[in-house]
Amino acid sequence: MTDLLSIRNLTVTFPTPRGPVDVVRGISFSLGRERLGIVGESGSGKSMTGRSILKLIRPPGRISADEMIFDGIDLIRRSERQMREIRGARISMIMQDPKFSLNPVMTIGEQIAEALTTHNSVTRRDLRNRVLEMLHAVRIHEPARVAGLYPHEVSGGMGQRVMIAMMLIPEPDLLIADEPTSALDVSVQAQVLDIIEELVAGKGMGLILISHDLNLVARYCDRILVMNGGEIVEQCAADALHRAQHPYTRGLLAAIPRMDEDREELPVLDRSAWAAA
Amino acid sequence: MSALHEWLLEESPSSRTQARLGRAWRILSALARNPLAAIGALIIIALVVTALFAPLIAPFSAVGQDLSNRLMPPSAEHWMGTDELGRDIFSRVVYGSRITLLIVAMVAVISAPIGLLVGAISGYAGGWTDRILMGITDIFLSMPKLILALAFVAALGPGIENAIIAIAITAWPVYARIARAETLTFRDAEFIAAIRLQGASATRIILRHVLPLCASSTIIRVTLDMAGIILTAAGLGFLGLGAQPPLPEWGAMISRGRNFILDQWWVATMPGFAIIAVSLGFCFLGDGLRDVLDPKQRESR
Amino acid sequence: MAGRAAHGAVGLARFMLVTILTFLGLLAITFFIGRVVPIDPVLSVVGDRATQEVYDAARERMGLDRPLVVQFFSYVGNVLSGDLGQSISTGRAVTSDLARVFPATLEMATIGILIGVLLGVPMGVIAATRQGSWADQLIRVLGLLGYSVPAFWLGLVGLAVFYAGLGWVAGPGRVDFFYEGMVDTITGLYLIDSLIAGEMDIFRNALSHLVLPASILGFFSLAYIARMTRSFMLDQLAQEYVTTARVKGVPERRVVWRHAFFPIRIQLITVIGLSYASLLEGSVMIEVVFSWPGIGNYLTTALLNADMNAVLGATLVIGSVFILINKISDVLYRILDPRARQ
């Protein structure tokens, strides 16, 4: 299997008053048309890794890498203009909270249509049909009505399905989902993830699912990267997670509560175990 | 030296004094790193020094006339030239700094406490007190400031004291709004409740605990407003409603120079540069203070 | 649906109440100023050698013996019926004086705000999208100058340079002396009236008189509008949905204008309204410098003559227009923002 994406030595740096700080420190990994999970606490660099792939780190942050090859194209050597041809059309990203990531003064229909018309020329009638089809595909029951609504008029779960529709309508090859459900009610989280899983599988895309939730990632992904302090500390197949070696991963696993247990004390991560290494 | 530096920047200060000095040090060093704020601070310091030592700095008297030397262009002797009565413009500008400083200081001393008090009482008391006080504040806020000041001066009569009162009347509502907004954010906080449980009176809570917390945002706002106050005062002087002759007030000086603007341009323009420099100084300093003292603003940068 | 309509009606009633209270507040302030004047209004009518009987009779006739509240409401009644009293310096009713001078101010302020918006908004957007560049620094300095240069001083310098020095523009006044009164007053705006009459010479002359004072006013509104636009845009560009647009591959120009700028146009309306209102205020100084026969000049002349009816009348009109513009921009905000609409 040829790699869809292969990254070597990716570093993301932010200047601070006390000198530059690396939030991602020279990580390397590759991805086929599979589902890869990236797990870590907040601040572990997992979101920055996701955004670096699209080269959307806001200045003054800086990205560097030996190479970042996507389908034969080295993204790191591409100009901003050339990146725009790839964004949306070939690599897309679902962001965390639809409350903030959808434009409040454009209707849902307009925003989805824009994703398509940016890269393809479509006739007006075709456009409308495809937007409604896409809304239907993310299980929105009255697509015509919803298309005319503004984001603040729909629920968080529906907002995130709109986001999925918007990001998948140009049929990209790779979808990055950055904490797609952590802003949602528990009751709709599974539904949103099921929709992502179904559409990704149906179109044969690659998926990078970024989350702090080990269980969730283990359930929806084939392979898992565990990040801590800007580095990849563990790589394994999802079904081999319980055999993970690194003390940080073991610590995270131990922290997951179980239905059938009775604990005196909740475990605390003992950071000294790997900090020395 | 470095020991002192470390003591100041200690993450967990061991005394209140150390915490306060550390905070002051951080603010000062942040201000020093911001070039515009540093320039602003220098201008303000220069203004204060000029006002204090005006007789030593000014080469001539501010009011002494010399009719044989009328309307002389800028020269080595008279840096900014002379006016229609032969007075040295540079010396008048130097003495004028006293009037400007007096006006801004008085306006700040009158309007900031009134605004703070109204805002703090309004925010802390809530209910009808809040509604009535803020209603009055909003009415004042929705009026054009300069026009209101003009009308008040018209009623009170021209003169520097009345100009100060008129400007102060138009300046306080903004501070009341700020103080109220700040008070609302911590009115229901645990530490206020704790003080109340200790039996402190509302007066004591407002004076000792609420007002100090509103201080930093008010200081920023007052500094930023200074430029506007200087411009309004100069405008009143220009219209002949502020400081009266022969006082060397900058706005009034421009007004007199108006008659000579086409041939003796320096008479009107020189005092203008002084106004611009001082106003810019307060703007720079206010901007810098906001960046340093107001973390909410800083985050969005 | 009925609930939403009722909610809207309550909101509207509340808004109207606040607006009315604000106007009453303005009236209370002008009334109060009229009361605290050290000049005794009775004396100015009867003269200081009148006997006590004559004085008392005049006082009663003028209604000054009645309680303050009654006096206030009769004052409000007069103002509402368009009676602002007589001006002692022009000898005419203040209302008709104000109607005559207002168009001159309106014309200047309107051209000023056009300059401010057409230049200030793009400058603010450019400054925000190239944060830290020399263009951004320049716009920042211009913005600060807008807060620290006295308008009347800039007017004088402008006259010295562009009128006396370079001769690019005409001097003080609205038109040259010999064009005065040659065009019928229709709107009171010389630019429009001369176009209606087809007098291109007068139009050019009026424009040449207008361009300098209006540009100076425009500079102040430009400084304010550019500064506000910049800070709104910086806020917007940091929004997650702007990143969303970039993720979609939307071209940068469209990201800036459609995604970042479009939502702030509503906030900008408020800023522009505020700026327009403050131009009316700023025009007072400019009018004095340029001998512009507008409301500012009228007000300052009245001030120096202690013509209180004229002073209060002009204050009332400028204050009312100021409040009105603010309220209109408030209403526009509610209508245009889909989030505030419901």
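All chains are identified by letter, namely A, B and C, in their written order; residue positions are counted from 1 within each chain.
What we mean here is this: contacts are C-beta pairs under 8 Å (C-beta built on N, C-alpha and C of every residue); 3 or more make two chains touch, one makes a residue touch a chain.
Only a predicted model underlies this, so the values are computations on that prediction, with no experimental measurement involved.
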Max Cα-centre separation from chain B goes to chain A
Count the C-beta pairs in contact for every pair of chains, then give the pair with the highest total.
B-C
CA centroid of chain B to CA centroid of chain C, Å
25
Between chain A and chain B, what is the separation of their C-alpha centroids in Å?
51
Any chance you could list the residues of chain C touching two or more other chains?
238
In chain A, which residues are in touch with two or more of the other chains?
none
Contact footprint of chain B on chain C as seen in their complex
18, 21-22, 25-26, 29-30, 33-34, 36-38, 144-145, 147-153, 156-157, 159-160, 164, 234-235, 238, 277-278, 280-282, 284-285, 288-289, 299-300, 303-304, 306, 308, 311-312, 315, 318-319, 322-323, 326
Give the list of chain C residues in touch with chain A in this complex.
238-241, 243-252, 258-259, 262-263, 266, 337-339, 342
Which part of chain B faces chain C closely enough to touch in the complex?
135-136, 138-140, 142-148, 150-157, 227-228, 231, 234-235, 238-241, 251, 254, 257-258, 261-262, 265, 268-269, 272, 275-276, 279-280, 282-284, 287, 300-301
Chain A contacts chain C in the complex at 54, 56, 58, 80, 84-89, 92-93, 95-97, 100-106, 114-115, 118-119, 150, 152-153, 163, 166-167, 170
